[in-house]
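Below, chain A partners chain B and then partners chain C, in two separate complexes.
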Partner chain A sequence: MRYRLNILWANIVNTFRRETAYFSQNWSNFFSTVFYTLAMVVFVDVLFSNITTLAGYSREEMLFMVFIGQVAYYFGWGVFGINGERLNEDINNGSFDFVLVRPAPPLFFVLFRNISIIGTLRDSLANILVISFLINWTTLHITLSSIVLGSVVFIAGQIIWQYIRVGLVFPAFWFGSAKNIMSISYELTETHNLPLEGYPQSLRILFTTLIPTIIVSAMAGSVILNKSNGLIMAGWAIAVTVALSFVFVWAWNSALKHYSSASS
Partner chain B sequence: MKKIFHNIPLFWKVIKFNFLKVIAYPWEWVAFFAQRIIFYLLLLIFWFAVAQSSTHSINFRSLVAYFLIASSVREITFAYHTKMGRDTMRYIQYGDLNNYLIKPVPTIPFLFFSYIGQNWMPIVYSIFAIAAGVIILPPTSIINIIEFIAFLILAFMVSISFNLFVAILGFHMIEANGLRNAFNHTIEIFSGILIPMTFFPGIFRTIVMHSPFPIVAFTPAYVLQNSLKFGEVFSLFAVSLVWAIGLLFLMIRWWKWSLRKYEGVGI
Partner chain C sequence: MEPVIKIDNLSKEFKIRTNRNIITGLFNPKNKIVKAVDDVSFSVNEGESLAFLGPNGAGKTTTIKTLTGLLYPTSGNVEILGYNPFDRDPQFLKQIGLVMGNKAGLSWDLTAAQSFDLIQKIYEIPLEAYKERVERFTSLFNLKHVLNTQLRSVSLGERMKLELIGAILHNPKILFLDEPTIGLDIISKKNIRIFLRDIQKHAKITIILTSHDMDDVEKVCDRVVVINHGQKIYDGRLEKLMGDYQKERVVVFYFESVPGEVVGIKHTEIEEQKDDSIALRVSSERMPKLIAEVTSKYPVLDIDIKSIPLEDIIEDLFQRDLTPHKLNVNI
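What follows is the complex of A and B.
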């Protein structure tokens, strides 16, 4: 355990050094996220100039869903997102050999190689504060228990998303590259935009079981806003996470067997 | 221009060479089409929920056709995430542009044709998607199709300018990906790719329609799907033409000016 914590710490420090090396990168990323937030706020406002509620969600509740979507994005994609891309590059150009020869558990290393804390804080803080400021919190029906249960769903959703991001790279072990296959995960982030109740029943089942992409945002948001039964949702999210963990480890072991190293 | 025509056989070879690089990974094509279908389906699910929640009637069939055409226009004119600009920006930042500058061919067309060779999948997808959009909601007359083609050309010119803008950032900044993303978000929201301009409220819509962003997605789809009065088409065409010529002229000038300041490895 201590050894793994040392690896985590080394990865955090290494990522921090890389991220703070270029000053202009900091500002350009900051601008990017500010523009994204502004675009999303314009989107919600334009939408609600045509409708009064969306799938039972008011404008304030939709802004809250944008808030949850943003927190989910930064927490998942910002902190760990690049690990999938790096795995694909490594397999494609043979550098994965170096991962295998390191004295660290390969799967653990691949999942947590890049932990971008400073970069994520830099990009996310201003946006999340802006969205928080725009939401009229008094109109939302949020309770302490809904926050606790929503957080459980959120954390389970983050673990699931890390499996999805990295898991979609596994075909690279067979085909040499999985750049476009991995990019499917970017498209699936669009599932964050619609509330859980907006999905037709069949798609709701699909996106919470086989392709569980909406657990982190739509389901967590629905629980926090007391729109669905928090206990059942939290139980479901944990069950899916456990099941997916087994599938993920099995897929990793199968994929490793098909890796043709650059040096063999 | 003469130089470009003179080099057409070479550019054809460039397209073929880059095409062969892409077909080395057949599963990647499948994934590409899966990506686009997922994006499109999720957009439709979202708008289906909006249509269900709306008190006034929203023609869902027309929305399906609109999103098919608008997203394809963005794709076929290379405005999608300004990827061509991003690639060129990287060449500039990493000094790889030198490899293109030393070639006895015009640099921008050479980069453009390399990009086409690597990105034939979006072109194929867009052609099918536009055809599907036309089948779902056929245009009322042949005039709509002629107008669509004219606006498509203008969209292409604006899109090339957008890509050049992103590429030029690479001359002036060490890392400009964030700014590129900011620019892409702006295109995404004001081009009508996520929300048609017809949903924008009055004055806000007028302001956005006078910007260059709707030209790369909304305007061509709008003229194809609606029988507009001559005055409206003329006004849209005038605005689009001014942006298309003005931006392209400006960006080419800026590119040439920036190129003179370029300090590449080995030059």
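What follows is the complex of A and C.
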């Protein structure tokens, strides 16, 4: 455990060093997320200028969904997001050899190689604060138990997203690159920004089972806002995470056996 | 002495996709099997330095990658330091080092010192020993001035030396080197060869090297395994290989201008001819007679006697390898 914590800390430090190694990249993500947040807030305002609820969600609840969607994005994409891309690059150019030849557990190293805490805080803090100031929190029906259960769902959803993003890279072990396959995860991100209750039953089942992308914020948001049964949802999210863990580890072990290592 | 590397009947096949059509390739992929390593067996003792030679595509790098556990073999047994490399046991991985001339093991975006810090944590190198080794190796290679420079900004020669340091910081028992001097200048190559020989002799590190530069082989290795078309065609001491070929010598005669009759001397083969010199390949036994014959008949200015270069010896081995190969089998 201590060994893994030491490596995690080294990865956090090296991620920060890597992020700040190129001056021009320091603030680009910040501006990118400012524009996105601005667009989303304007969209919600336009949407609710003529209606009072959408899929059972008021303007404040919808802004809360934007809030939790952004937190999910920053946590998943900002902190860990680049690990899938790096895995694809490494397999493609053969640098993955050096991951395998070192004694750190390769799957652990691949999942936690890039941990961008400082960079994500820099990019996200202002945006998160702005959205949170726009929400009238007193109108939301949030309880302590809904926050706890919603957090469980949120964390399970984050783990699932990591699996999806990194798992979509696995075809690279067979074919040398999975860049385009990986881009499917960018499109799937959009699924978790909509309220859970807005989905037709069939899609709701699809996106919480086979492609469980809406657990992270749509389901977590619904639980926190007490719009669905928190216990059932948390149990479901944990069950999906456990099942996906088995599939993920099995797929990883199969993929390693097919690693052909780019020639040198 | 118990071998540290034992390889029995190692084979490695790759499945290569032949139907790349974006439509039909989905339903009818069509692959062919390429045998990169074919039934290779050999063992290596502790402290040995072995060169793994062969033309491009011969299977050298595939063999090294299989020995380091990067590739799963199709068949055969491999045992390194008592471990199966494909289990990737951390205790095994802590005892091997890998340098690849065309790939970066250190992070491009970080400084070498920062990458070394990560290596220290991954290999759990005691901090004092780690600092001492970084100090010693960087002094030896005169690299202290680039230790805190982003890796992408250092020269190729410096980067390769830093890669080498990164691969031996944890004091491995076996060091695998795949083209470690590729693209380097003469001085850098020389430094790396001296360093490798030194750690092999004094730290008893077993070295497995592939290189197309025969100077690397001559300066670093004692033993040679030659592989072609995935099959082993020679395994023996370097000095014996060189010795076997010393049955022939190349004698270079220098003249003001080469007399035409010299070209036709019997039992010789012209190696190279210029306006003022001619190099004749001759058996060692006949060499004194040849020298006597030429010097008595023609105005020779100087004579140079050369051994057959290792490049020529290896090339000769490749050409003599007439084993029928069935490399591609369609499935």
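One rule holds for everything that comes next: the second predicted complex is superposed on the first by the 257 of 264 C-alpha atoms of A that agree within 3 Å, B and C clash if a C-alpha of one lies under 4 Å from a C-alpha of the other, contacts with A are read in each partner's own complex, and residues count from 1 in each chain.
Here is the rule we use: a contact is a pair of C-beta atoms (placed from the backbone, for glycine too) under 8 Å apart; a residue touches a chain by one contact, two chains touch by 3 or more.
Keep in mind it's a predicted model, so treat the numbers as computed, not measured.
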Touching partner for A:39 - first (chain B), second (chain C), both, neither: first
Dominant contact partner of chain A by residue count, chain C or chain B: B
Partner chain(s) touched by A:6 [first = chain B, second = chain C, both, neither]: second
Which of chain B and chain C A:254 touches, first, second, both or neither: neither
First (chain B), second (chain C), both or neither touched by A:106: second
Touched partner set for A:180, first chain B, second chain C, both or neither: first
First (chain B), second (chain C), both or neither touched by A:14: second
Which superposed partner A:95 touches (first chain B, second chain C, both, neither): second
Intersection of chain A interface sets (partners chain B, chain C): 22
In the complex with chain B, residue positions of chain A that touch it: 22, 24-25, 27-36, 38-39, 42-43, 46-47, 49-55, 171, 175-181, 183-184, 186-188, 190-191, 193-194, 198-200, 203
Residues on chain C engaged by chain A in the complex (per definition of touch): 14, 61, 65, 68-72, 88, 90-91, 93-94, 96, 98, 100-105, 107, 109-110, 114, 117-119, 121-124, 150, 178-179
Residues on chain A engaged by chain C in the complex (per definition of touch): 3, 6-7, 10-11, 14, 17-18, 21-22, 93-95, 97-98, 100-106, 257, 259-261, 263-264
Of all residues in chain B, those that touch chain A in their complex: 24-25, 27-29, 31-32, 34-35, 38-39, 42-43, 45-46, 48-50, 52-56, 173-183, 185-186, 188-189, 194-195, 199-201, 204
